[in-house]
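Below is one structure, written out as structure tokens; the observations come after it.
The chains carry the letters A, B, C and D, assigned in the order they are written, with residues numbered from 1 in each.
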Amino acid sequence: MPASTFPQLLLEHARARPGAAALREKEFGIWQTLSWRDLEALVRALAHGLAEAGLQPGQHLVVIGENRPRLSAAMLAAQCLGAIPVPLYQDASAAELAFPLAHAEVIFAVVEDQEQVDKLIEVRAQCPQLARFWFDDGRGLRNYREPGLASLDALVERGRAHAIAHPAFLDEKIAALSPESVAAMFFTSGTTGHAKGVVHTHRSLIDRARAGATFDRLTSAEEVLAYLPQAWIGQNIFSYAQWLVCGYVVNCPESAATVSIDLKEIGPTYYFAPPRVFEGLLTSVMIRMEDASAPKRWLFDRAMALARRVGPRLMDGLPVGAGDRFLYALGNALVYAPLRNTLGLSRVRIGYTAGEAIGPDLFSFYRSIGINLKQLYGSTETAVFVCSQPDHEARSDTVGVPIEGVELQVTESGEILVRSPGLLKEYYKNEAATREVLTADGWYRTGDAGFLDAAGHLKIIDRAKDVGRIAGGAHDGALFAPKYVENKLKFFPFIKEAVAFGDGRDKVCAFVNIDLEAVGNWAEKRNLPYGGYAELAQKPEVYALIQDCVQKVNADLAADAKLAGSQISRFLVLHKELDADDGELTRTRKVRRGHIAERYAVLVDALYNGKTEQFVETPVKFEDGRTGKVAATLKIMDAATYPAVEKAA
Amino acid sequence: MSEAMDAPLAVASDAETTAAPARRIGSVILDVKNISLAFGGVKALTDISFDVREHEIRAIIGPNGAGKSSMLNCINGVYQPQQGSIALRGQTFRHMNSRQVAASGVARTFQNLALFKGMSVLDNIMTGRNLKMRSNILQQAWHWGAAAREEAAQRRVVEGIIDFLEIQAYRKTPVGTMPYGLQKRVDLGRALAMEPALLLLDEPMAGMNVEEKQDMCRFILDINDEFGTTIVLIEHDMGVVMDISDRVVVLDYGRKIGDGTPHVVRADPNVIAAYLGTPH
Amino acid sequence: MGFFLETLLGGLMAGMLYSLIALGFVLIFKASGVFNFAQGAMVLFAALAMARFAEWIPQWTGLTHPVAATVLAFIAAGFVMCVLAWVIERLVLRHLVNQDGATLLMATIGISYFLEGLGQATFGSSVYKLDIGMPKEPILVFDKVFEGGILINMEDLYAALIAAVLVTGLSLFFQKTGTGRALRAVADDHQAAQSVGIGLGRIWVIVWCVAGIAALVAGMIWGSKLGVQFSLATLALRALPVVILGGLTSVPGAIVGGLVIGVGEKLSEVYLGPLVGGGIEIWFAYVLALLFLLVRPQGLFGEKIIDRV
Amino acid sequence: MIYRENGQFKTSYAADQQIFPVLQDRIAIAVLLAIAFVAVPLLASDYLLRAVLIPFVIMSLAAVGVNVLIGYCGQISLGSGAFMAVGAYGAYNFLVRVPGMPLVVALALGGLCAMAFGVLFGLPSLRVKGLYLAVATLAAQFFADWMFLRIKWFTLDTPSGSAAVSNLQFFGLPLESDAAKYLFCLALLALLALGAKNLVRGAIGREWMAIRDMDVAAAVIGIRPMYAKLTAFAVSSFIIGVAGALWGFFYLGAWEPAAFSVDISFRLLFVVIIGGLGSIMGSFFGAAFIVVLPIALAIVLPMIASLLGISISTTAISHAELMIFGALIVAFLIVEPHGLARLWSTLRLKLRLWPFPH
């Protein structure tokens, strides 16, 4: 009978392949390796330490920080004791931490470094129950005299001592664990309102991890780079649940600044990133290629044109002419393979994008250069794996077929319901919310609108509640799918974020965030002087540039009768980047449309009552936590829309 | 993580048990008595005396051309003062060459970067470890055990410094191609690599923007704090120094015109005069 | 006694020529910080040009007067040297401004190879006779003072005189004239010189011309003594120790150094040579300079170098 | 372009600090060595071996030595010829005077002689820099010229100081055939070049470069200029000395002092400038260049001439050669002061970043 809890999985690996690498961390210039044996020892010590410190089964252990071996180990240690690890976002402000800490009655925490320690000390007032917390990296903490603060080293030491005193203790604890016991809790930043604690059992997480692993035939030979927050269930599944299920190697980057270098060095075989990462990557590719010599540009462009034509077909195993095959092979030798190498994606066998819909061109770019990029569908509540795309059936507009153990149904309102062994147990201390999403007969309401297409692939249009209708105007009653529109805009390298409005209005209008790097580079090429983000954003040339993008999108939308109504008639370019610290984005960088609409009400009104410019002043929060105001007068511009093209049916 | 564990520089990070050895000002470590220095006829320093206590941050300030750098050059043996004596940890010396000074635990950085342009960040900082290297030339030539082991061990220490100064991303870039602010860090790193008891900083913030200055201040404080290193730093603009230094010496035209804690010095009329008298 | 004086005199006379070459080095170094290794090649080049023009001009012009031919040849060769100076400044120096001395030194080694090649390619590579009408027969003086007297090689004497004249001329030019002062300004500080509007390029062309002329004269004299041939190039290498001894930046140094080396060579050859198998004048000067360096790195009259941090 | 570096991560400093950290480079080098040690001796004609490969190999070795001194330690030397001469005559004397002296030992001793000589004439470097030093090293050159010409003892009293060696053998194996000579020299080159590489990437190498780049700063961090410079002179002149011995024994066979004149010093200087100062690999490029160019010219120039319908003499060719050498030196100093090695490394970098320009 296979191990059914995470601690058991750990022990299994440590027994089966003690010497094999479990975790690698780039530290002091080389990849310091932790074998399964070392890991077990570390986890045992930590578990004993925590036990001695008084961590009880069912209690929560908060974990905050970048991906670090000892933080993962701490989560395992907590699970050994039947306690519940709760990873939180390391870039959350102290204030944002207060709620989860209080809500989950957190007494113990393990954090990465001084930055996190300072935050905890700051919120202690609001969360008096927070008794003890340990740090991984002691830089700058030498002279802290905070009660309850200690280093992980100290914890490990105490743990070792405790272990000697109570040799049998831990194994009993681990044996006592049931698959049904709670394994972890994840706070969904939630596009609106307070965060909710999603409670998962060992069974639910392991079941989904296994399902995903079998679906993609993952082995213990995979290499994974853990560079996204553990608090995001995506990262957690890939670099924790599946890590323990498959026993592959998880690698932790040296620092935020070196991720791209580390990515190249490791060359992961199993890679995953939200669309924004792929966007950023592609943007940088395009920018770097702009400086290339003419012949190289020519070669690159030709190769890319070819790739767009043949690449995806090859990926999908469709028939391709011998001539094209040869050319593609040539292109592969000259461009695609080197490109994959410089991106650090040479060895990617399975690549996933999740968390958000991805622009079609963006998606096919990666597939066309021979990276097996696929989409999957799922959420925190479903432990990620609901649908996933089989290797040869990746489409940008679908999210794949339901995988092993998943039942789907679509309500008449178009909302998708899911039933699988991976569903959340409940929202922590939130009966109401739980009842909202979990039906009596065990279905989970995803809140997404979509449908299964002819091929049996699930197609998501938007959040069910966001899908709206145009009221009045040329396209009265037409369907309005804001996310769909925004994604189309965001595919342009120049556009970082976009927010579209239009539900219950006579036309669609949009806010646009320019991408400083891309537009800045563009401006320098045309030697436009600019003082900063705000100034650059308001340059007429930039407006013209963005207008062009918007109209391209409109032309696209017009091509599909169902969505023609979503064409953007007016837009403005925001003077500041939408920022999670200002609550404009979620921690996973989804735009919080409602919040933005309130925050920038004046702008929205201006868009609709035909003004050509509008003054706006917004409070902002700076990195160091200070707050201030930024004010600017924003231009507003019209964009051409096109008549819907009726498809010849 | 075997290699990660045994780092001389790795910070002992158990805050519960460490009784903060750093930041406790100790006895006099450097004692400068009546130093006078002249180039040909030009008097650079006249009868300068001051002392530096263990673990303190001691600033030497003064308008440009006040003789600050000359003072530093005397302390670390680049110049030989004509008169006066310098006592390092009690032992007095008149004529010590740079190496002897270095060997007795004094390191320094330079005002206008004196990095080894042709070498990578790693190698530049590695040179700071040379005093600690023992393997002979033959062992090095064939990379025999001792040499190889030593190289790795020293590399580990240097990596600790690179990590400390947050320049991991530049490890193997040639210093010549780096931004000025980062080169300053490398210069600091090279000095740190000597694990000095006394660290001389020659205008560490010269030509930096506000942000870089803040970083540099943080590093200086951290060094003093984490490693308990005594620091003597030279600056010509008072602002930055006053916040981070324990005591300040003020030079003007090669003479000492003030000495004491920042707020005492700031109040000193002579100092104010000297500064108002010189354009910035 | 007489023999000693004779050797001494010979040394002094040879020394004057060294001083001449050395002056070429010093001028160029002072003005452009270039240690001109090509000086030797320039001597060879100039001598070759001179010799061949002296031979060709009568053929071209049909004029028979030997002196006129020689003078014309001298002028032609001088012109060639100036063109050379201009070309070198154009193609080499101005692309190496503000490079460190070592690089410039290597560049001049390149130049010297080029000149040796060019010179022999254009003017031929066999030994050429060059007669500038200097008396060959030696004269005996002081035979009244002590028996035996002193045998003076008139050719050497004339040579030394010519050299002396040129040397004094150059030193005066360097110390007194406006251009001379400009040269010194440039030498002391390039930036400053440029800021007061002294064109580096122009100055460099001038000094290289001057050096070229010095080389021409030296080449002419040596050529007429030994015949114009490749060895002239290496002969000039012998002047290097002079510069070291005298100090790279000092005109008087060059003169004194030249004389010292000249005398030293002769004396050592005569009195030391036999003991160690002779032929030591090739290296004696160098070793002399070398030992001297250890004592006084900046040479007899050179300025002291102080490292600033 | 050919590089695929994903997954080549280092888990130890040993792995990270190896000479060729990138797999593709290691493969390339392995192939190169295989060709040099196996294919070449089997395939190359005697002419090719004698006229091109053997001189190339020995020149490379000498250049490595010169590069240590000039390229890494920044001490200009024009005395390389002298060091070669001392090495050659030193080894020669040990070989012929000491009965049953093994060749390798003789070579090593020759190298040691050169080392002593080099250190002696390196002493001025403690007091003087750059130009002055360059001239000082010329003293070594002229002194050596004279010594081997005039002091008959060194040359066993042969007239005109000529020396000759015959039936050399390596532990019983005769080194008569060109292939054998080539292999022997190549082996020594590989060995010493590796040693030199290890030195320049190690502690002592860093000291040399520190002295070269910023001697005051070097002194302040506790590097002894004297030790650094003299070791550089020692290592350099040892290698050059061995190269000199090989040059005499295996390339010339019989030689006179003139064979190691100041001219060869200059040529070696060119080799390192063209090849690349401060690069071991550059030494090989430079050597290849200086060996191949004259041969190439000897072939090409007459062709061109005949095309132009004029006949061209060998002397003319040698003159052209001089001019071209000269021009190239200047050109390199102006355009690419770091020589062919830099060009190569830029190319390599481009290949690694391909298709990106930077």
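Definition applied: a contact is a pair of C-beta atoms (placed from the backbone, for glycine too) under 8 Å apart; a residue touches a chain by one contact, two chains touch by 3 or more.
Values in this document were obtained by computation on a predicted structure and should not be read as measured data.
Hopping across touching chains, the smallest step count from chain A to chain D is 1. Centrality annotation: B (chain centre taken as mean Cα position, compared with the mean over all protein Cα atoms).
Just count the C-beta contacts per chain pair and the biggest one is C-D. Measuring from the averaged C-alpha position of chain B to that of chain D gives a distance of 41 Å. Centre-to-centre separation between chain A and chain C, using Cα means, comes to 78 Å.
One simple way to say how far apart two chains are is to compare their mean CA positions; for chain B and chain C this gives 51 Å. Centre-to-centre separation between chain C and chain D, using Cα means, comes to 33 Å.
Of all residues in chain D, those touching 2 or more other chains are 12-13, 216-217, 220, listed in ascending order.
Counting partners per residue, chain C has 309 as the residues that reach two or more other chains. Each of the following residues of chain A touches two or more other chains: 29-30, 32-33. Residues of chain B that touch chain D in their complex: 3, 76, 78, 97-99, 102-103, 107-108, 110, 114-119, 123, 126-128, 130-131, 133, 135, 137, 140-143, 147-148, 150-152, 155-156, 190-191, 194.
The part of chain D that touches chain A in the complex is made up of residues 1, 3-13, 15-16, 353-358. Put simply, chain C touches chain D in their complex at residues 35, 91-92, 95-96, 99-103, 105-107, 109-118, 120-121, 125, 234, 237, 240-241, 243-244, 248, 276-280, 282-283, 286-287, 289-290, 293-294, 297, 307, 309.
Across the complex, chain D meets chain C through its residues 74, 76, 123-124, 127-128, 130-132, 134-136, 138-139, 142-143, 145-146, 149-152, 215-217, 220, 262, 266, 269-270, 273, 315-316, 319-330, 333-334, 337. Those residues of chain A whose C-beta lies close enough to touch chain D in the complex are 24, 26, 29-33, 223, 251, 264-267, 285, 288-289, 291-293, 296, 299-300, 334-335, 337-342, 344-347.
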